[in-house]
Every structure is written in C-alpha cells, then in structure tokens.
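Next come two complexes built around subunit A: one with subunit B, the other with subunit C.
Right, the complex of A and B next:
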C-alpha cells in the first residue's frame, strides 16, 4: 500500500494535534452559532476538549485490548463499521474546511483587497495537494518546526491586545442555562474531536501506541487550553453581539489595536504565519481522512484520494462563499449536530463484535 | 507524468497575475467625512493623498467631495472624477458632521459603507462641528504631508491631557449595538468659527474643538467630546468634563486641572491615574471609586495644608463628577458606562438583550468617591 505515512515521533504528532486544536477552535466558520447565546465559547472549548480526550483514551484502551495501532484496526472487516467510518471522514473533511474558510475573508478583504475567493482558493488548493500527497511525515514534521514560531506569534497577539481587554465584555456568561451549554458543547465537538480522531487515523506513523497516546494527551490539553485562552481574550476584546457577525475575529483582534501598538504593522506577516498553520491543520485532517478511507475501503494508494478530498474541501469552501443560502444552511446543520456525526459512530466502532459460537456437530 | 503534475501545480498561483494593478495607479484616501448634503441626503468628503506635489513632500493632498444618496454612489462618482483609482486601505479617520450625528442618520450610511468598502476596523471616529471640507483643509500643512500627527491626535490628547475622547470604529459600533455604554467621540472644528456650548457648563475657558484661542499652521483643532444617546448625538463635553468622564470609564491616564481654593487662590494640579476605577452597584444604585495621584504645578506658592488640600480636591472632584453625570443622565447618555455593571447581573444573553437598561438609567443614582494621593514633587511636564 502506498499510504506515504512515514515515521514520526511524539513531539511531531503532539505539535500537529496542538495546531489543529488551536486553528479549529479559533477559526470556526459559524461565528453566529459560537456566540449565539453569549460568551461561553471558552468554557465550552475546555469541556469539549475533555470529552474528546475521554473518547481518545477509550479508543486507545480498545486498541490495547484488541491489538492494533490505529482506528482502522478497530473497524476491521465489518461492513457496518465500514459504513460508520463515512461520518468520521465527513467530520474530518468539515474540520479541514474550518481553518481555511476562516482565512479566506482576511485574505480577500484585508490583504489582497478586492481579490476573488476563487483566486485565493487556488493558492490554498496547490498547497493542500502538495501536503497531502507528501504524506503524514511531512505534515507533522513541518508542524513541529512551525510550532515555536506560531506559539510566539499567538502569544504576542494575545499580549498586544491587553490594553483593549475589558472584563465586563464577557458578561452575561450563560452558566444558568445547562441545556444551552450542552448543545454548544455538542457543536464544539467538530473543533475538539477531529485533531484526536486524525491522530487515531495516522497512529501507525507514531510507531508505538503509547507514543500516540501521550502525543494525543499533550496536544489536546495544550491546544485546548491555548484555544480556550484565545477565545477568552476574544471575549474580552469584543462583545458577543459583534462576535456573532464578525468573520475571522481572531485576526480582527490583531488589527483592532491602538495606533501606537508595535504589532500594528506586523498583522499581515502574522496572518501569513497563521495561514501556514491553518493549511497544515487542514492538510493533517485531509490526509487522516484519506488514510481512514484507504484503509477502510481497501484503496491501495492514498494519493488519488488525497487529491480528491483536497479538491472537495476547497470546492465546498467556494460553494459556501458563492451560494451561501443553501450551503451554509446544510453546513450549519452539520456543524450544530457535530456531536452526532462523531458521537454515534465512535462508540459503535469501539464495540467488540460478538463471535458466533461454532455449532456443535451432531 | 510527475513533471506534468508539478508544472500544473506551479501554474495554479499564476491566476493572481490576472487583472493585476500597479501600486501607483492608486490614490489613497486618508480621511473620510460624511455630513448632510444640500440636494442629496449625504455629502461625502475625502482627503486623498496621491504621488506628486513638491520635491520635499512627494505627495499631493487634495480634498474632494460629492453629494450622494449612499456611500457606494459617492464612491462611484468620486472615482470617476478623480484621475487615479481610489483605495480606502489606508484610511485612518472617519469624520461625521454634527448635523447628521444630531439626528442619528449616519448609522444607515455607515452600515452600508462598511459592508462594501475595505476599511480597516481600527479607523478612528470623530465629530466635526464645522463643514468637513473646511475641517480637512484646516489640517493640511506642508510640514506634515502624510497627516501623521492628525491620525493619532485624539489618542495622543487622551493619553497626554485627557481633554479629548479617542474612539475607534469598533468601539463606536459596540456602543451602538450593545447598550453597555454610549459613544463618546472626539470633537473637531475650525478655530475661527466660534464657541460651542458645553453640556454641563461652569468652565471659564471651555476647551472644545473649534474654539481654542490659538493661531497656528493647523487651523482645525480637536478637543472635548461629543456624547451620544444610542446613535444620536446629544451634546458636547469640554476638555475638563471629558477628562472627568474618562476617569469613570477607566480611559484617563493623566491631565491637568485648575481649581480655585476657598481663600480665592488658584492652583494647578496634574492628575494621573493610580489604578482602574471600581464600579459597584445594582439595578438603580451605583458607586464609582476613582483613585488619582495629584501633583501640584506650583507647590512653592501654596499656603494650604496637605490634608486640607487633599480633602478639598476629593470633594471638588466628586461634586464635579456628579454634575457631569447628572448632565449626561438628563441627556439620556450613558457615556460613563454604567450599563457595564448591569450586564454582570444577567445569566442569559436573551434576558440581557430584552432588558431596557435606559429605563433604569434615568432613575439611577450614583455616588462618586475620589481618593487623591497628594505628591508635592515639582511638576515638570518635559519629563513626561
């Protein structure tokens, strides 16, 4: 099989999970859903990360009990389980769209003012093609190299806004509505679960189940805390009523600083740095979806699948921009029911198939 | 096959070269102004900077204007009439005419404008007392062709003296849409046009934009603030009252005030913020605690005891803050931001959005308590 998996270590895998967790958390495409009920996104992010981590631990435990290094080992030959892999591939595809979609507006409106989405998407597509064809090792090792610079830029962005933070903006915190918090945590699964799901798909590359487990733990905890901190900072910078309508609020936070701030002229450089991180995250998801597809359905070469899924993700982003009414409605429906997309197939895949007892010879 | 694939991949980014435009084909809009038109609803005035001018400046600043029914109509008209293509990517100042702001009609215009133009969200917003063309022309000077000083003038004034508000477009929108506070925008005017009446009154020399007793290369001045009730401008605060309002909002850094002591002696005091003000309260009752450090401007001339002076300054400032609050309350403007306190009482966004804060604001009673820490060191403005 030509899966182009390669081999990588714990640090590389943890870096990829962390980046994916952060970019998924801060560049969600449905801002309205994220802030519809006030400023609880940062609480929801932490809860969703913990839920995703629990699911991940359960899967690693199942792998240990039944033997195997990645999710495909749990799917096996069962037709039902193969069918259940489809919603997981869809979840990974949707997760891959999120960070890229979040960057399209800053690129087309603030950097290359007046440029068309299709032009920007073609740039993204060429990068995605390259990344997904080169495979997991390239993606996660690049993530490891890029991580320190990205962390510095993210922390600089958070610190530069301190003068603009106002604690009163986080109110009202809707903690008095547990039903609402539960629904939002369900939606947040599309931001928190896919990084770990993708790691489970490419687990074979980590060479060791324990390395995969610790990479998942480190990446999810660090990424979850970082994205919750970023969302909290965002909540202190803008009121939730503005955040609902704001495309790419995390980038807006960077530019909406006072004139004397030294980072004012660095925003575009930082944007491109983040864009690299977002492309890597999307590449990571798409590659994981390819591997899951290839291993589940017996495709021997991951590259054609990688090209198809990359093109599909970018096309869907374009459709989302040009035909907002219907596509957005469908995507929002999927986004708001993300907990079902991941939460139903996953436990069923984890279930052990009962072996039929051999009939006794008469 | 591999080479062909690589070639195709390399060709993908070439689409950026299609319909490309050179950078010198653009003229950059630095300031945008909108006021009431005579034949059409809006008069849009732009201060445009384009390559050209003298050897020293290398740029030519021009004020252009057009009457229109919308921002896009004005943009199309002006773009057609101007030799270069207009770009808004460097616009840093939005000036709204007082006539328009008094009726709140600017909101519809701005909603539309910001949906279409590629404007930066950190654009500063200001109110102009006088015709915007005159205000823009008053700022033009050969010694500052890029208008660098004007871009940050309101912010510099707020930080150095507290006599002007400094509000970004994002904060202005927040004030319109979120009811936690009302907008307070810097106020500009052409000096020779006359004096504007302050909302509170009581100051001998009201430091308000357009009424400063100065004669300089720059004819337009910025001072004081225009305060709003929702999207409608309801009055003007002079420099001192702006300073006092900023003390409550937490945006005050430092500034000077003059006081007349009970014995008739006049003193100058430089105040600086010790830490952020504390606001407590409930539905119709609030308390604002303000902490300032006071530095006497001419300590050698003073014959009053420190404790007596401290009490005098605290009482005087508390009384003045109450007067400013009452004037704002009468105008239904929550420029001091007591709505922020109310938001903390709610546990649901829907309940907060349904809440009529302004109804309770009219009945709100506020106690101001000022703590002054007196410092007798000689004040030297050059060290700041």
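Right, the complex of A and C next:
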C-alpha cells in the first residue's frame, strides 16, 4: 500500500499534535454559545482536552491489550467497525475545516478586504494538496521545524498585549451553568479530540506504541494549555459581549496590540505565520482521515483519497462562506453534536468482539 | 568446473534448457579467451596498433627490445602520460642487462619482474583490457614473446597543477590547501590529514567508456554500511560517455532531480572533506576534478563554513548568527517588501511609505517588475564576474554594482529603495558558504517575489510552507535534509549557536554512522 506514511519520532509527532491542538482549539466554528452568559471558552478548552486525553489513553490501552499500532488495528475486518470509521473520518474532515475557516475570515475581510473566498481557498488548496500527497512524515517534520517559530510568535503576541489585559473582563465565569458547559464541552470535542485521533490513525509511522502515547500526551497537554492560555488572554482583552459578535477575535487582538505599538507593525506577518500552522494542522487531519479511509476500506494508494478529501474540505469551507442555508444548518448541527460523532463510534470500536465457542461434535 | 559440463538435471533445475546453457557457456568461454593476451608478440603488436589507431595516433610508443639478448619484448606507453626517464632507467636498462638463460618462456614476465624491475608498483596481468586501460592511464606495459602475460609498471609522469590555495572557499584561520585535478594528489591530501588505518580510499571505475577513476573515501567501521552499499550500487549503475565530474556524478546518483538544492556538498578544501569523513560521511573524488563531493548532507552542512570550529565559541556564535540572519534576510526581504508595498501598505510606517513613494516618483517600471529586474541584473553581474578571469572579474563586480546601479537610478529605471534592498539581499546571499545553495536560494527568492506580487503575504506563506514541506520530505542518500532538527537526533547541531568543543569520542549521529559517540 502506498500510504506515504514514512517514519517519525516522538518530538515530531508531539509537535504536530501540539499545533493541531492549538489551532483547532483557538478557532471554534460556532463560538457564539461559548460567550452567551459569560466567557466559558478557556474552561471548556481545558475540560475538552482532558476528555480527549482520556479517550486517547483508553485507545492506547486497547491497542496494548489487543496488539497493534494504530486505530485500524482495532477496527480490523469487522463490517460494523468499518462503518463506525465513517463518522471518525467525517470528524477529522470537519476538524480540518475549522482552522482554515477561522483564518479565511480575517484574510478576506480585513487583510484583502473585498477579495473573494475562492481565490484565497485556491492558494490554501494548493498547499493542502502538496502536504497530504507528501504524507505523514513530511507533515510532522514540517510541524517540528515550524514549531519554534510559531511558539515564539504566539508567546510574543500574547506577552506584547499584557498592557491591554484587564482581569475584570473574564467575568462572569459561567461555572454555575453545568448544562451549557456540558454541551459546549461536547462540541469542543471536535477541536480537542481530532489531534489525538489523527495521531492514532498514523500511529504506524511512530517508533512504537509507547512513543505514540508519549507524543500524544506531550502534544495534547502542551497544546491544550497553550490554547487555553490564548483563549484566556483573549477573554482578558475583550469583554464577552464583544466576543459574542466578533469575527476573527485573534486577529483583532493582534491589531489592538499594534495600535498600542505603532512602530511594531507585524500583525499581518504574525497572522500569516499562524496561517502556516493552520494549514499544517488541516493537512495533518486530512492526511489522517485519508489513512483511516484507505486502511479501513482497502484503498491501496492514499494519494487520490488525500486529493479528494482536501478538495472536499476546502469546498465545504467555501459552501459555508457562501452561506447556503441548508449546508450551514447541517454543518452547525454536526458541530453541535460533535460529541456524538466521536463519542459513539469510539467506545464501540474499542469493544472487543466476543469469540463464539466452537460447537462440540456430537 | 566449467558451466557446460554440468549435468542436465543441474541446469534444468535453474530453468534453462541444457542446449542453450551449453551454447551460452561456450560463447562466454570464447569471449574470455578473446580477452586474454596471446603468446605471439606479433599478434599483440597488431592488436595494440589496431586498438590505438597507431597509424594516425602518434602518441602511442611501441618500443621493441630484446630482454637479456634472448627474448623479444615490447614496451608500450603513451607519450606525455608516461615518464620517459623512468622507462629508460628502470625498464629498458635492466632489460638489456638481465640474464634469463634457462628460464622458460612462460615464466619470463614473473622472473623479469622479480629480478630486473627496480620499481615499486608493478602488476602482472593476462587481460587485454587491463593492459589497454593501464597504457591510457600512463603506465607502461611490457609484453614478452612466448608469454601470455604482461607487466604493468607505474611510470605515470604527466604534468599536473600543484597544490594551491582554494579560490572559492576562503578561510582566515583554516588551512590553505585545495584539491587538484590529480586524483592521487587528492587522496594524498586526505591521507595527510587522516592518519588512521581504518581510512579507506576505494578506487573504482566511474563507469562508461572513458575509464575515469573515482575514489570513495570513508572510515571503515564508522560509515554506515548500508549507505556505503547504496552509494556503490548507484555508482555501478552509471553508464555514460560523458566526461564525469563530481557535479555530474551527483546528478547521476541523486534521488531528487528537480530539487534546486544540492544533495551533495562540493568542497575544494581537503580539511573540510576530511572533517566530513571523520563524521561518518563519504567523500567522493573524481579524476580530473578539483572538487570533492561529500554525502550525505543536511541543511546544516550547507550553512556551515569550514572554519566555524576554528573560532572561539562566542565569536563563532556571533558569526553563525549573522550568517543565518543574512541567509534568511536575503531569501525573504525582497518578497516581504514587495508584499508590504503592493498589498499591505498599512504595515509600513508613514515615513517609510513616503520614502518609497518619493524614490519611485519618476520610475516607469511597476514595483514588482523593478524588483525582479534588479534581482536578475544582480545574478547577471555575479555570473559575469565569475566567468571572466581574476582582476577583470572584480572590476566587473564593481562596475556592475556601482556604475550600473547609479546609472539605472539616474535613468529612472529603478528606485534607490529597491536598489538598497537588492544590495542587502546580495550581501546576505554571499554569507551562505555553499555555492550551489547560493544559486538555489537566488532562484527561490525570485519565486517568492512572484508569489508576493500575486498574493502578498498569503503568497509568501503558501510558497514558504510548500518549500519547507518539500525540503522536509527530501533525503540526501537516506538522511533527512533537516536532520538533526526534524527528525531530532541525539547530537544537536545549532544553526544559530556554536556549541562548545569537547573531547568527542566518535562522530555525531546526524548522518547515522555505524560507530557514533555516546
């Protein structure tokens, strides 16, 4: 099978998970509910990360018990389990859309005001094609190379805005609304679980199960903390009433910082630097989805699948931007019920099939 | 046991019918016999005269002689390639004096070699092809009547360039010797640095009909054996009539033909090649080429200079940091400026923007065209400076840089701001130590400028990410191009900071050697 998987180490895989966790966590598709009665974004992010980590640990444990290095080993030949892989592929695809969609708004509305989404999407698509065709090894290595630069830029952006932060803006914290928190944590699974799910899909490329587990843990904890810190910084910059209506809040935060420092006009440079991370995260998800698809349904070459899924993800983003009512409604429904998309298939896949006892000869 | 004597059952078991197997074996035997030196000296002379076109090719010297006054012989050499004095003193003179009475005709070559030849490097052969190759290399072949063997004596004495200073890889603190066109001299230069019994210089035919020799230099027991086997396998596959150099051999054995970046380090400095060998890499020397190829390489190899380790640590760190910043600046500055000026002018402060507008007031070319035009002119000046001899080359650089730039500004073809950016870019480009990497960066820079013109920072982002991803997928003979950063290896090599020199007990694990330090 030509899966273009390659081989990669713990640090590379952890870098990919970290970037995916950060860029997935910071760009929620439908964030209005997070700021309905206060700012719940950073709390939800931490809880969702912990949930995702638990799910990941359970899967790695199942892999250790039953033998195997990736999720396809758990799916095996069972037709039911193969069918259950479909929602996971869909979850990965939706997760791939999230960061790209999050960046498309500032690009088309603020940076290139009045430009068409199609044009921007074509640039992103060319990059996605290349990344997904080159395979897992390239994606995780690129993530490892870009990680220091991205980390420095993220931390610099967060630290340079310290003068603008006000602690009173984080209130009210909607701790007293467990129902809302539960629903939002479920939705946040589409941001927190896919980086680890993708790692489980490409686990064959890691040195062994232990390296995969270690990479997942490091990446998820570091990425989760970083995205929670970024969301916390955001909530200290803008009050929740503004965030509810604000498109591209992170870009607005960078612009606010720039306004305070007129000599340091790097907001767009930083935005596009982060865009690299977002494209990389999307490529990581799409490639993982394509590997899961190829292994589950016996496709021998991953490249056509990668091209199709990349095109599909970008097309869906475009559909979302052109505001087709039905598609928007369907996508919102999927995002709302993300917990079901990941939460139902996963335990079923982890379940061990009972072997029938051979009938005794009479 | 000969092949045609095998039992039919044995042959059938291999899947070949016995009849065809016998025919094939007979033909092979005939071919082998044709390749042997005949005992008749006349036949040998005719063969050599025909082979080397002696009627028109006057370079071939066929010197008949009578060994010990009894046996006819023929000393064959190539004029200009062999040293006449050595032939006269160490072959002809003893040949006339030797006593060979009672020695059977078939044993004369061995007897002559043992008792008459006062030469260090001699060889007995019965292969015609070996004799022909040896003559072409400058050795002298002695053929005897009645003996199916020839003696090959090393009389190579052609004129070659002495060891000189390196022209392209200047250093202040490092050694000042460079490779020459003579492969033997180059091996000696390496051996003078690597005085170790495990240092192997493996001579091989480069392939093709030219008979060019090449040398694989490595530390046995240190170099990765699978890498060595793979390199040998690829070298064996070379079959070309082209004149071979290190650059051509690289292109014949590399993996990624369309990648602008080199996959082999080309150096003219023996100390740099020796350092690479000590680090578990392989140095490749090709006859007639004053450059050594080092493989495998990583991006760090291309950005490091030979004398980085000769400097003190803080100074080395500063130099390395400046070099890295220069390389990054030279790659991204023109494209970034174009992107800001064309698509994101809000990112430039009003003072800079005013300066740009004022400097471009009378310029008729669009900004992007002006930038790409100047970048191409810079390449033009640089190429012209390289191709013309020494002092004129320097003059062209000065004329191109000062006069042409000044004239272009006066004629309103280019603006001063763009000229300054291109000049900074050019300076930054020169800090990249490797010439191939410099050229590759220059063309990548133009690609980035086109992307920046089309889509501003979005174009730079997409092109930059694609280029990084491609470089991350590239391997130089199995070693990832971005090692030791991705994949991360145990022995780190900092691009910005120079690490302390400690007592190192073996090579680093960057090139995945067999023996590495703990």
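Keep in mind that, in the parts below, the second predicted complex is superposed on the first by the 355 of 362 C-alpha atoms of A that agree within 3 Å, B and C clash if a C-alpha of one lies under 4 Å from a C-alpha of the other, contacts with A are read in each partner's own complex, and residues count from 1 in each chain.
One rule holds in what follows: a residue touches a chain if its C-beta (ideal position, glycine included) is under 8 Å from a C-beta of that chain, and two chains touch if they have at least 3 such contacts.
This one's a predicted model, so the numbers in the text were calculated from it and none came from an experiment.
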Partners on subunit A (subunit B, subunit C) - clash or fit: fit
First (subunit B), second (subunit C), both or neither touched by A:337: neither
Touching partner for A:174 - first (subunit B), second (subunit C), both, neither: first
Touched partner set for A:280, first subunit B, second subunit C, both or neither: second
Which superposed partner A:126 touches (first subunit B, second subunit C, both, neither): both
Partner chain in contact with A:138 - subunit B first, subunit C second, else both or neither: second
Which of subunit B and subunit C A:240 touches, first, second, both or neither: first
Which superposed partner A:214 touches (first subunit B, second subunit C, both, neither): neither
Touching partner for A:78 - first (subunit B), second (subunit C), both, neither: neither
Subunit B versus subunit C as contact partner of A:8, first or second or both or neither: second
Per-pair minimum CA distance [subunit C against subunit B, superposed on A] in Å: 5
Set of subunit A residues, in rising order, touched by both subunit B and subunit C: 112, 123, 126, 130
Residue ranges of subunit C touching subunit A (in the complex, touch as defined): 336, 343-344, 346-349, 455-462, 464-466, 468-470, 472-473, 480, 482, 485-488
Subunit C-facing residues of subunit A, complex: 8-9, 11-12, 107, 111-112, 120, 123-124, 126-127, 130-131, 134-135, 137-142, 144-146, 262-263, 265-269, 271-273, 275-276, 279-280
Subunit A to subunit B touching residues, read off their complex: 36-38, 109-110, 112-115, 118-119, 122-123, 125-126, 129-130, 166, 168-169, 171-177, 238-242, 252, 255-260, 264
Subunit A-facing residues of subunit B, complex: 9, 12-13, 15-16, 18, 87, 89, 92, 118, 120-122, 124, 151-152, 155, 168, 170, 173-174, 177-178, 180, 340-341, 343-344, 346-352
